Amino acid sequence: MDALREARVKTFVDAFRFIADNPHLLLVKTAEHLELSGAALGIALLLALPVGLWLGHLHRGLFLAASISNVGRALPSLVLIAFGLTIFGIGFWNNTVALVVLAIPPVLTNAYFAVDAVDRDVVDAARGMGMTELQVLRRVELPLALPLVFAGIRIAAIFVIATATIAAIAGGGGLGAIIVNRASYGDAGVLAASLCVSALAFLAALILSLVRRAASRRPVPVP
Amino acid sequence: MPGQAAELVFDEATKQYEGRDEAAVDHLSLTVRAGEICVLVGPSGGGKTTALRLVNRLIPLTSGDIRIDGTSILDQDVVRLRRGIGYVIQQVGLFPHMTVEANIGTVPRLYGRPRAWIRTRSAELLELVGLDSSYAKRYPAQLSGGERQRVGLARALAGNPPLMLMDEPFGAIDPIVRARLQDAFLALQKEVRKTVVFVTHDIDEAIKVGDRIAIFRRGGRLAQYDTPQAILERPADEFVAEFVGADRALKALALHTLAELDLGAPAGGPPCPRTSTVRDALALMLQMDAQKLAVTDERGVVVGSVTREQLLS
Amino acid sequence: MTLAGGPVIPNFGSGSSCEVTNGWFCTDWVRQHWSDTLQPALVQHIELTVIAVAAGLAIAFALALAGFRYRLLDPPIGFVSDFLYTIPSLALFQILLPVTGISVLTVEIALVSYTLLILYRNMIEGLRAVPAEIVDVARGSGFTRIQTFTRVELPLALPTILAGLRIATVSTVSIATVASFVVAKGLGAPIFTALEQDVFKTEIFAAGGMVVALALVADGLLVLLQRALTPWTRSGRPA
């Protein structure tokens, strides 16, 4: 029993030693990971945010938003990566497309429901003061919806970073490339990369949480 | 299960919240006789709802005592105490996941009554509050505001409690439906004769439903406790007079019906049922620009007449 | 590329021209390997999911009871479950490996930890959303604290809890495919095998399609369960 525990502790010690010994390798892989994740998240935001916000503004497309969210959740990341690989072959695009597809549902549905839920009286008042539809969305609905919109972006970011790890199976590079290659990097390397990618995901989630909190902080009137 | 009607006594009942200068309820002493409706009325912050919630111990007493038929509420198990007291609130608070029948059966089920008994009892109570049996299987979301409050009333009566607590029960309902519910409630009370403590902020409602009215002032102190008639005719002080309103003479007219007057011989004029209040009869007279009304009975037969002078005397 | 777990089953290249040329979808392969590959994988996948969701439900319920009763406990529980949720699944499996070894236990621990956030959040939010006046009436009518919880608060929180259960179940079906990287069980196993064998398309589409179908079917069944358990939520006009 003690021997087993010792072996376990040793694996973790080795992992930290691996991190200390190979900072350059891990940095390069982390950069690759961020590049892939960032590109996919960026494309997803460009595609999904305008659609979600505008549909929410119109209070239309509830069925679409709900279906996208349901189907999106039912699409396993591994299956998407594998499908992408069979359709596009190995490379940057197969994984990017898979990650974008994965990131769109939480961004789109959260944007939709966030704007849709904004108090109609407030929107009415804004319209009554002579704002155009775009002004209503930009100056009234968006600021009020922002916390929920960021919550969606945060979930998408968590999904994308996690799936970018799996994308290494399909030649995606990044920290996942170390995790799926135990033959080259050994137990210590695999564990080290796992810890690094976990820290990366946690940091990204933390930063987006802080942004979200900043977005929801607004002056509270004194009662 | 509990029986008919109980006497309720507040004995120096006090609620003092920590860190507040003023008491919420300050040495309240009053007796509600068995089978009477006692209305607690006053400005917001007057402590009337607090006084009500002291009775079923949703708010604990700071000092003093409250007795139901001579037994202190502090000497009873709190759960048992509450099951013996009907409780109705403004928001009704029907359980949205239960049918109307199950809602009404709440307390009997706590007493372990069999299902068939509860079904029969629900049907009886639905009829009593003026809803037909088709309502039994509906959910609260399918009812209108007035219907919900009727079900709330039926639910509070289901355990046949000797005492009912009603916290602004008709406060959230539009005026026309409210008047109808008040009438239904008074008709119901004639039949069941419960002891009722009824909180409202509406003095007209208090005058209409109360056998006795307790007027609270800020700081939870009792300003006057008397019959509506006495309060309208002899307000104890400036505060009561102001709260009751400058038109209290007019309000007092609402306390009597035409049936109580010595009617003149049957004569012409706009017809008016003898169950109308004097106030309503006067309003009709002014509206029709008439000097005389023909008073009719329940079947619409003219049984007498009444003049303007008679109404104003 | 290495694969932890069982031996690689030589399950392609056995015959038809479709299989030899790695066509888009060879029905003869699916027919041939349904009973030895796909069906057992499906059964394993269901087992993995059911165990994880059941355990997650039990743990989240205990946590929610604590967090609901003692508000101070809510932030730390929320933070820990949120932290677990952020860890990429592939990484969490690897981090657990040195501790619990190549075993179903490793897989289940990871799967359960991903269900906690959504189940816990929905339970707490469902319980907190019960209107105060309804709890007031329940207590005023003589419900004990336990009766108020079991007969009023819990049933009223049920729609929210079941919505969480739907999301947790579908997510678990999805993440369980990645688990096959650690333990060759479930529908992820044939996918990894096919990826190893020059990306054998038929197997990927067959197993992948089954995962998606399983997720949708599970979701549909839970919707039916939700309708059966909460009849009051779809009756007539809203309050």
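Letters A, B and C name the chains as they come in the text, with residue numbers starting at 1 for each one.
Note that in this section a contact is a pair of C-beta atoms (placed from the backbone, for glycine too) under 8 Å apart; a residue touches a chain by one contact, two chains touch by 3 or more.
Please read these numbers as outputs of a predicted model, since none were measured by experiment.
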| item | value |
| --- | --- |
| Given chain A and chain B, the chains that contact each of them | C |
| Between the pairs A-C and B-C, the one where more C-beta pairs touch | A-C |
| Per-chain CA centroid nearest to the all-protein CA mean | C |
| Distance from the mean Cα position of chain B to that of chain A, given in whole angstrom | 59 |
| Centre distance in Å when chain A and chain C are each reduced to the mean of their C-alpha atoms | 19 |
| Between chain B and chain C, centroid-to-centroid distance (C-alpha), Å | 54 |
| Numbers and ranges of chain B residues touching at least 2 other chains | none |
| Residue list for chain A, restricted to those that touch at least two other chains | none |
| Complex contact set, residues of chain A against chain C | 7-8, 11-12, 70, 73-79, 82-83, 85-86, 158, 161-163, 165-166, 169-170, 176, 179-183, 187, 190-191, 193-195, 197-198, 201-202, 204-205 |
| Chain A-touching residues of chain C, taken from the complex the two chains share | 1-2, 4, 82-83, 85-92, 94-95, 97-99, 167, 170-171, 173-175, 177-178, 181, 188, 191-192, 194-195, 199, 201, 204-205, 207-208, 211-212, 215-216, 219 |
| Chain C-facing residues of chain B, complex | 56, 58, 79-85, 87, 89, 91-98, 106-107, 110, 138-142, 155, 165 |
| Chain C - residues contacting chain B, complex | 131, 133-134, 136-144, 147, 152, 155-156, 158, 230-232, 235-239 |
